[in-house]
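I am attaching a structure below and will ask some questions about it afterwards.
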Amino acid sequence: MKKSKFATLFLASSLLAGVLAGCGAGEEGTSSDGGDQIKIGVNLELSGPVASYGSSQNDGFNLAVEEINAAGGIDGKQIQLVTVDNKSDAAESTNAAIKLTSQDKVAAIIGPATSGNSVAQVQIANDSKTPMITPSGTSPNVTVSDNGSVNEFAFRTSFIDPFQGTVAANFATKELKLKTAAVYADNASDYAKGLAASFIEDFEAAGGTIVAEESYVAKDTDFRSTLTRIKGANPEFIFIPGYYEEVGLIVKQARELGIDVPLMGADGWDSPTIVDLAGAEALNNTFIINHYSAEDPDGKAKEFADKYNEKYGKAPNSFNALGYDTVYLLKDAIERAGSTDGTKIKDALKATDNLELVTGLYSVDENHHPVKSATILEFVDGKQVFNTKVNP
Amino acid sequence: MKKSKQFWPFIIVAVLVYVVVQVLISTGMMNQFYSNTLIFIAINIILAVSLHLVIGITGQFSIGHAGFLAVGAYISAIITMKLQLPFVVAIIVGGVVAALAGLIVGIPSLRLKGDYLAIATLGFAEIIRIVFLNIDYVGGAAGMQVSHLTTWTYAFVCLFITVLVIVNFTNSRHGIAAISVREDEIASDAMGINTTYYKVVAFAIGSFFAGVAGALYSHNFYIIQPGQFGFLKSFDILIFVVLGGLGSLSGAILSAILLTVVSTYLQGYPETRMIIYSLVLIIVMLYRPKGLMGTMEITDYFKLWRTPKGGGQHGK
Amino acid sequence: MEWIQQLINGISLGSIYALIALGYTMVYGIIKLINFAHGDVFMVGSFIGFYSITVFGLSFFPALILSMVACALFGVIIERIAYKRLRNATRIAALITAIGVSLLIEYGVIYIRGAQPEAYPDIFSNKTFSILGAQISMQSILILSVSVVLMILLQFIVHKTKTGKAMRAVSHDVDAAKLMGINVDNTISATFAIGSALAGAAGVIFGVYYTKIDPLMGVIPGLKAFVAAVLGGIGIIPGAMVGGLVLGVVETIVSALGFSLWRDAVAFIILILILIFRPSGIFGKNTREKV
């Protein structure tokens, strides 16, 4: 051990330099904006803990791109997707965004699925003037930064809406005429927390009482102990904002424990998997706020469901639909911009007005939040049945 | 231990590497992708080297390094984002608080040995993560937004200091004592070495630099969430150290570089990325269970070339 | 009433941890390897059960047995390919290999079938009994009875059969066992087979009880089961059972008190306290290190 290790370091450093040189020489001129292709970057959670969200959206992207390309592309140009996996990790998401903008020089980025990973990409999008659309990044701070300024290049397809919480509170107090409620929210998502907060505020404002407020974390599987606790508080209604993967289990376990009051959730519930997870019988007397009705016999939703089923052999969930819509939202903007220039696409996205998508008519407000109407559906023997429609 | 004559060449080369990269970045010849990859490599090397001190030199099997990374990341983010203090202060305080966390974790758990220590450190790291998860001040599960302040200069200076300190520590009297703890704890105890002291010191230094890496990490990636610092992150760091060769500083550095580059290039192949990564791990461990470099350093190979007989002195 | 319900919830959760923990503890006891891939064997078992029910139309018990057999084979293959060569390598090399195997299984499954979750079909009616005001579902009773039967069977194998005797001998002293004419390789393989079969059974039971399965489902229960194994004294079979049950009940109590977000932290705090004050676990004997 007498020997100094400094030479080692020297070697390591020079190796580092070598790697650099190699990188520098490696890929030159990969970018090509012109020609007959439009490059669109995909930054998604394809591995890691929330890989199921990312791969669902990826299926939606691929279906939409396939259709658009088969129909002649955008203004005669074929869409080429450059897909990068961010391992469900914010740091990797930043790296992926940097790769897409500075290496591949994509015209726009679609994804990531979660708010955190989207936030990790926003600055890169702004700095490189590359528009990004997250299909399901529901946290307001994806498009509006902490100091209140709007992130010019960030957009989203999904609701953020405290609006949904308000709709649920009104539904519980006015339609169901209930006085007490419990809230059981996914603590890992701003979406669920936001919905829970606005529900609580509006429910109490309407004279109701919140008897229990509990939370879980996405990817939990055992909810029985907390549900038993909620049951002890005797609510007349339980509001469960969250995603179908956990909600399905929550509904099932709640019914097993003898909780038979109405349960309600938002668009995160929308997936055929929820029926498999919870069971049709357990889902009776539950309500869901959604963008559209998947059981709608005519209209875009049905058409999408058929096409999806044909390609993947299964029924679509809300992540598939949001992914599919994201591509069409971008296509519409590129067509209206008449260019693949980032700033022009951004301006066109901002001007999106009443675009007809699978998940409903879509417009953008000044904070880049979508303006969509909501539909309340009730589960009856595993089928979503139309209940009411609420406008923003 | 007197300064080696290789000290100055090392400094010169380090400065040279820094200047060349900095010029390439500021003239725009190196785009953001490469400069960011370099910063990421620098952060990973700091993590690898700091864990190398704990596992490779002192022989304490810690698999909870991501916990200290998280402490550094969160504390530094609070300092810049909430208290509006400069980034340099954030790096130092992040490191110091991580070192304190290292002491708190190390003093009780370093009485344990081998697998038990590994499990205890894993448990502590998970507890640290869950604590951040439950503090609404730092955003809970949804995470905390952090400004982008890490530059190549910050990353390189931190890397340089980390390597310098750890090399000096290893070559000092303390380092020799730490190695004796790795080789045979009972024997070194019998020789009058205060084994607990050296273990805790090594652990705290390792935690300090993990905290520094955390500060660079949080200010490079715009957002930090507790989920980023789970035990899989600890495994990633552990893999740098073991794949490079336990006890080999240059091995740790090389494998940190190699794995970061491989992982970055595989981003475009999501279906097979993790499969390739895991296969590489398994195959290296099966065919070179001591890691790519064993306990050898790169300099040893040069020695071999010059004086063929002198190579064996590092073999245990 | 609520407390009886919570206790039942806890015991059901705990018996799944216990079944997984048994495999961990047996493998650790015999080759001192923390087999991180064990949680993924559990996941594979769950998927085998799922496909044999939905695709081959088997009922619960044939699916359970098929899954156990397949997992036993799978465990032996993992051991023969990945771990056997490392028997004399450092612990850390073996641990890294185990992590590698774990990632390979997880992402191999994702590669084959995608990452989306799957819902176990309802093979038992959702009927619940009301006992003392607590709701007990058929599944809870099933989980408990299958777990208990498997644990009794395991005790029988370990204590009354020749293989069990060999296993105990090898875990006590490999070299001495070899000298006594025990085929160490086969004994280790048998250990892997039995441990993996239990994980496979746990996978099927988990699917039936919790409905949702996905390729990364094994990570957290695997880690928890490992905590349970340490809690009971790693390498000790009754310890793993008790450790699993204790962990399940404690987690449930923490959630029941309204601290569900701290549940995992409490599990790890208990782990650390046990390690510091009684490192060999609840059932372990303290051993002095020989110079």
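Note that the chains are named A, B and C in the order they appear, and that numbering of residues resets to 1 at the start of each chain.
Assume a contact is a pair of C-beta atoms (placed from the backbone, for glycine too) under 8 Å apart; a residue touches a chain by one contact, two chains touch by 3 or more.
Computed from a predicted structure; not experimentally measured.
Taken as a graph of touching chains, this assembly is complete, with every chain in contact with every other.
Ranked by C-beta contact pairs, the top pair of chains is A-B.
If each chain is reduced to the centroid of its CA atoms, subunit A and subunit C end up 35 Å from each other. Centre-to-centre separation between subunit B and subunit C, using Cα means, comes to 33 Å. Touching two or more other chains at once are residues 107, 110, 261 of subunit C.
The residues of subunit B that reach two or more other chains are 133, 271, 273-274, listed in rising order. Multi-chain contact residues of subunit A (touching two or more other chains) are listed as 46-47, 49, 187, 217. Within the complex formed with subunit B, the subunit A residues making contact are 1, 3-17, 19-20, 23-24, 44, 46-47, 49, 82-96, 98-99, 101-103, 115-116, 119-124, 128, 139, 141, 145-146, 187-190, 193, 217.
Residues 55, 61, 63, 108-109, 111-116, 118-120, 123-124, 126-127, 130-131, 133-134, 186-187, 231, 235, 238-239, 242-243, 246, 271-275, 277-279, 281-282, 285-286, 289-291 of subunit B touch subunit C in their complex. For subunit C in complex with subunit A, the residues that touch the partner chain are 2, 5-6, 9-10, 12-13, 107, 110, 114-119, 122, 126, 128, 130, 135, 137, 210-212, 214, 216-217, 220, 251-253, 255-256, 258, 260-261.
Here subunit A touches subunit C in the complex through residues 46-47, 49, 51-52, 54-56, 187, 214-217, 219, 221-222, 224-226, 228-229, 231-232, 245, 248-249, 252, 255-258, 273, 276-277, 279, 281-282, going by the rule given at the top.
Against subunit B, in their complex, subunit C makes its touches with residues 32, 34, 82, 85-86, 89-97, 99-104, 106-108, 110-111, 223, 226-227, 230, 234, 261-262, 264-265, 268-269, 271-272, 275-276, 279, 289, 291.
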